[in-house]
Amino acid sequence: MKYVTAVIKPARLDQVREALGQIGIQGMTATEVKGYGRQKGHTEIYRGAEYVVSFLPKIKIEVAVPDALAGRVVETIQNAARSGNIGDGKIFVYDLEKAVRIRTGEQDDDAI
Amino acid sequence: MKIGLIVLGGMLAATPAWAAESKISSGDTAWLLVSTALVLMMTLPGLALFYAGMVRKKNILATCAQSLATTALVSILWVVVGYSLAFTAGGPWLGDFSRFMLKGLTMDAAHDLAKTVPESVYMMFQMTFAIITPALILGAAADRIKFSAMLWFMGAWVLLVYCPVAHWVWGGGFLGDAGVLDFAGGIVVHINAGVAALVTALILGKRIGYGTENLAPHNLTLGVVGVSLLWVGWFGFNAGSAVAADARAGMAMTVTHIAAATAALAWMAAEWFVNGKPSVLGIVSGAVAGLGTITPASGYIEPYAAILIGLAAGLACFWASTAFKRRMGYDDSLDVFGVHGVGGTIGTLAAGVFATVAVAGLNDKGQPAASGWVDGNAAQIGIQAYGIVVVVIYCAIVTAVILKAIDMLVGLRVSDEDERQGLDIALHGETLQ
Amino acid sequence: MKIGLIVLGGMLAATPAWAAESKISSGDTAWLLVSTALVLMMTLPGLALFYAGMVRKKNILATCAQSLATTALVSILWVVVGYSLAFTAGGPWLGDFSRFMLKGLTMDAAHDLAKTVPESVYMMFQMTFAIITPALILGAAADRIKFSAMLWFMGAWVLLVYCPVAHWVWGGGFLGDAGVLDFAGGIVVHINAGVAALVTALILGKRIGYGTENLAPHNLTLGVVGVSLLWVGWFGFNAGSAVAADARAGMAMTVTHIAAATAALAWMAAEWFVNGKPSVLGIVSGAVAGLGTITPASGYIEPYAAILIGLAAGLACFWASTAFKRRMGYDDSLDVFGVHGVGGTIGTLAAGVFATVAVAGLNDKGQPAASGWVDGNAAQIGIQAYGIVVVVIYCAIVTAVILKAIDMLVGLRVSDEDERQGLDIALHGETLQ
Amino acid sequence: MKIGLIVLGGMLAATPAWAAESKISSGDTAWLLVSTALVLMMTLPGLALFYAGMVRKKNILATCAQSLATTALVSILWVVVGYSLAFTAGGPWLGDFSRFMLKGLTMDAAHDLAKTVPESVYMMFQMTFAIITPALILGAAADRIKFSAMLWFMGAWVLLVYCPVAHWVWGGGFLGDAGVLDFAGGIVVHINAGVAALVTALILGKRIGYGTENLAPHNLTLGVVGVSLLWVGWFGFNAGSAVAADARAGMAMTVTHIAAATAALAWMAAEWFVNGKPSVLGIVSGAVAGLGTITPASGYIEPYAAILIGLAAGLACFWASTAFKRRMGYDDSLDVFGVHGVGGTIGTLAAGVFATVAVAGLNDKGQPAASGWVDGNAAQIGIQAYGIVVVVIYCAIVTAVILKAIDMLVGLRVSDEDERQGLDIALHGETLQ
Amino acid sequence: MKYVTAVIKPARLDQVREALGQIGIQGMTATEVKGYGRQKGHTEIYRGAEYVVSFLPKIKIEVAVPDALAGRVVETIQNAARSGNIGDGKIFVYDLEKAVRIRTGEQDDDAI
Amino acid sequence: MKYVTAVIKPARLDQVREALGQIGIQGMTATEVKGYGRQKGHTEIYRGAEYVVSFLPKIKIEVAVPDALAGRVVETIQNAARSGNIGDGKIFVYDLEKAVRIRTGEQDDDAI
């Protein structure tokens, strides 16, 4: 199995969720995070004091998927999350050794 | 009605005791009781929330604790000796100890400045001013002052700065005698607090991260609630200073509201123009600037003047809290000087310009209670400036001395580690979850 | 006491000047000063918080900014020309310019509708009504209106809709002359705001995500605080509308409170029954419904009627804000129409049913100041309906025209991208951390 | 002025009708109208926020819902029958039904205990006391009581405990006749609520996780706002209990504020000493302790006594809410007994010690309205103790019976699963985002 | 080493922490997240507007453990977090290459 | 590529961010988390009731880096985050299979 993680713009969460739903992804975990990358270092002025806003709000989503689906999931997230502007985010894929559904004890592909 | 009763009293040859009793007006007393509640509400929760909303999340409870503890501490000091020092005859420099521990403040006592209300009510009303003035200063010390040092500072400042200055201007002291006009506290409250704040900011030094990290307000909703309650409470502050429920109170409330509204719009417009967006922080700061600025003039002027004063307040305080502060490089964290110091100065001078006998009426001796340039009395502006200069110098020096002394004795500023961790957990062992 | 003094005045053959002075009652003035503060508190922070708590987190500061800026803007317009248009004699359709820039509002001025208080206080009291009415409308525009468009709309609406309607009903205009009863603003405030809100919702269109995404209130604690302050402030709104601290004020306060409590319980019970759980949003909405509904009747009715009105308010507004709204398909985001429009209508009709001379008393001419069906005057219900119909039509048309004009000139609605990102950061460059 | 008018009335041989009318004072009425608003504000939003800020995040809305629904429910019961039971003549144990549904409460009615204000205002003022007393109890039941059980309990308790006790002490009942002094509710409000809270805590049992999990307040900013509004509102509670805008109200406000400030500092100092850090929770708890404790004595004592009472309140309630509670092992979640029960007892006894005719004045018969040990009347302490013992026993027994009955009928406590999940979502289907 | 991640019901956090403590697990990181899976898509009505609540609050816990302990940790979490209802959550296990204790510089098994 | 995760003290975030910036790390994701480890189990008293504060606030940072940089990144975080006190936190390193930049579709080393 693969564990696909993506850091996306908060406003795109609903679109990504729907797109994944359409390719049959049934579960997902989302976390509010802050990030920076290319999109960084803009200077704001607050009451006359300049400061650099380094971190911007993002949403991290995590989806465990069977190996076979991984490619499509990455593609789907990419399409649904892309606005074309800087700060659209990143997708990271790792190997997932094991998955367990707590309620039933089902394992691996059955669990996700 | 008061007049009616007095006329009647005369006609019926009432006994002196009768006449004395009849002076207490239940309507005036009701209004001053309410005004006292309103001005207390300005500090708790008004100012506490305004300040708490503008600091970072890790310092929010500590900021509340400062307003709370200041209220409690100053109240006790006021009852013990502060009221006596400020509002008894004494001499030109200070009152005396005749109201020490409120002795003599019996059920039938009345103060000369408030003949139609029981003295207990007047004492309480003035207490709320003595509370909010030092509490205002704390905006300059946000995020970095020790709680213990803060307590020492508040106690010393209210006795050594607030009480004398209140006596000079209001309590029968030399500035009042010189004719300085300060209806509800431009000099006594706002300039006093603003100057002390500037000195505090300079002596404490900048917050860690000032100019590099994001120090923007973490929860402006609290700021909005705080300023809203300040605004509402200010009706008690200014209209209550008429010490009667009459047309003067009505006009004071009117000009207060007009100045607040105008200054809020002015600051909003200026920021929209300069920065491209009107911020909520700007709108509420403008409202506070208007309220503080109108204060010294509020019982003396007509509505049109309130619009001009509001405009000046919004624009000048915006500039003072942004461009000017940045150029000077001090970290007056919540802009107490930029708003209250600058606003108080403008308003005190404006009282010299716009005060008119049409609103101020006649005093006991049948002379105009106040008149400014618009009444042909340009000299009043000079008198106002004299009052400002005296208080700025006195306040700056004594504040600096107090702070330096406390720094030597207990230390003013928390450790860097505590400042980074946040005062809530470091000083009070609590956090906002 | 007033009567006593007047009697005495007559017996002692006081001079006219004396008599004129004696009319100002410090007790009545104290109460109206306080009522003004209370009604301002209804908007700031009451309504600001109520609305801010019901939107999504990304729009909370923008929602506060709307209440703040509306307060400031309307205040200035009121002082410049609004008060004059609404509350001077003029003609049946509109007042005149005799109080332009408050000219003539001197220290001894009093308004015919409030003879025992200084006119400045009455003008300020009425200002707070002129502030909250347009501010109420904004609930229908939540989460999507442009800040600049909002300012234009508020300014135009208060001058073109609020001032005329206030004149018609209260200021000597044709609806008041026709005998329409509206004690504290069922037509002028609640129907007016409710209808304008419905029109606004229809013209602005639905929020992105309406019907599919979770748009539930993000912080009902703020909503609870907001409604609590509305409730407390409503004592100033309704009991203050007696313009005196007397038994009528006391009875208005009593029925106001009873209606609020009853409607809160009624909405709670209805929701519990229909949805299985009593929500906090339901309880507070019920309270607001009760308060709005009782408003036009509050100075005319007895306590038992308040229970009936409260019941009707809770049930009808619950239905209007849920089943009815869903069926009709408009997105009146915070249910201004469902609560204020529907409640105002019920209450205005109820005034025609329950008004009784036992509470309303006699007017200057010795006739019943108000009497409804319970006093045998069933025709009053028709008169009330007439007032409602006229204002609904006028308000709907003019509101629509204003909105369309602004849409053409500056655009009413933010871009989709801004709406998705949230108005706080998009319009004001600030966020709640 | 009142006296003046009455004297005049006599001299001019006014008709009885005239004299009756003249008794209503617009100033006193204004103050009592405002006091009513202030005391309502103590519950909504004051107490609601104070309690909501001290629970865990998952129970914040449920806690608000309790205060809201209690307010609505008690208001209706009060109007229907509660006021009549508590404040009509009846017998020594209970009033009668002569004000059932407020019948006879006409525009010219006045209550014997408040001759200068319309009875509607007095009824409303007393209603706000009947609201906050049961609402206080809910702090002991936080985080685990069923909403439906809560409603039954509040309704039963207000009728079976509050109304009788209010009648005994204030409404012409046997405790008042015995000379028990309770100016604004030490016995009726604070001991009553405190004892009921202790019984509730014992019968409900501890919260899941008590003693092992972190149950500390999740948002003390709300607590600070809540207590600030309680403090401000308490001016209406205590100074309003003078039922006049006079020197007695002024002195009551003065001692109230002094006690609050002193107790806040005392609790803060004690906690600083014992735990090493002064917590915000401690400061606000101290303030509430001082306010509750001074309440029964507030119209009878001089300022010096308020300092002593404040000190005792801060230290004793700190001990009762920490060391003592821990030793006894009950889970009075928000320390209603430790603060209100203990504080109310201290204050009621202190009234017996410090009451002085210099403040209390003379009653209708020309005798001291109150005098305690300091006036040489040590027996008063015994009378106070008698009042306390009677009410503690009655309240404890009836509260226990009510709770047991409700537990059998509908169940008092939510399921473990609901308690773990949080009451907001479980009972109201809502969450704070 | 293995990195065990579990998404559980918030109300179960304390039980899981205690159970892990009993088998000697000395450290853990917890994050508030939102998730959906089988337990999803229930419709709520708010003021007459229906909407789908897609994400429910969950807690994600992360525990780095020596290889030998991984099985027991998974089992322990499973037992402590199971209520038997839908939405009990999932356990995911990955391979952990390296762990460092910042304070001391200790590595891998010594660090966790 | 490697995915470096570190749990650090909140007050150290700015220092870590700067230090990473100096060695050329251009992106990062940060999450507010709660954790315990050695630094745990201190007893607090609230209103007379003792309880154990198990979880303390921490920040989790995540940085995807090319294999070559991983060692230096770990070292840099370690230095910037170390205060020498208990609770300084941990660094975990996993293998990262794939990275995608959503905006451009760039992959792996180019994407991070």
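Lettered A, B, C, D, E and F in written order, each chain numbered from 1.
FYI, contacts are C-beta pairs under 8 Å (C-beta built on N, C-alpha and C of every residue); 3 or more make two chains touch, one makes a residue touch a chain.
Small disclaimer: the values here were computed from a predicted structure and weren't measured.
J.: Going by the touch criterion stated earlier, list every chain that contacts chain B and also contacts chain F.
T.: Under the touch definition, chain B and chain F have A, D as mutual neighbours.
J.: Interface overlap for chain A and chain E, more than half of numbers shared or less than half: same or different?
T.: different
J.: Distance-wise, how many Å sit between the C-alpha centres of chain A and chain C, to the nearest whole number?
T.: 47
J.: Which integer distance in Å separates the CA centroid of chain C from that of chain D?
T.: 32
J.: Where the centres are mean C-alpha positions, what is the separation of chain A from chain F, in Å?
T.: Inter-chain centre distance comes to 18 Å.
J.: Could you check chain F for residues that touch two or more other chains and list them?
T.: Counting only residues that touch two or more other chains, chain F contributes 31, 44, 54, 94-95.
J.: What are the residues of chain C that contact at least two other chains?
T.: 8, 25-28, 30-31, 34, 213, 216, 225, 245, 275, 281, 429
J.: If we use the touch criterion from the header, which chain pairs count as touching?
T.: A-B, A-C, A-E, A-F, B-C, B-D, B-F, C-D, C-E, D-E, D-F, E-F
J.: Per the contact definition, I'd like the list of chain E residues that touch chain C in the complex.
T.: Interface residues on the chain E side: 44-54.
J.: What does chain F use to touch chain E in their complex?
T.: 2, 6-8, 31-38, 40, 54-55, 58, 60, 74, 77-78, 81-95
J.: For the complex, which residues does chain A have touching chain E?
T.: The touching residues are 3, 17, 26-31, 64, 94-103, 105, 111-112.
J.: Which residues of chain D touch chain C in their complex?
T.: Against chain C, chain D makes touches at 5, 8-9, 12, 14, 18, 21-22, 24-31, 33-34, 36-37, 40-41, 44-45, 48-49, 52, 60-61, 64-65, 68-69, 71-73, 75-76, 79, 101-102, 105-108, 117-121, 123-124, 127, 147, 222, 225, 245, 427-430, 432-433.
J.: Which residues of chain F touch chain B in the complex?
T.: 11, 14, 44, 57
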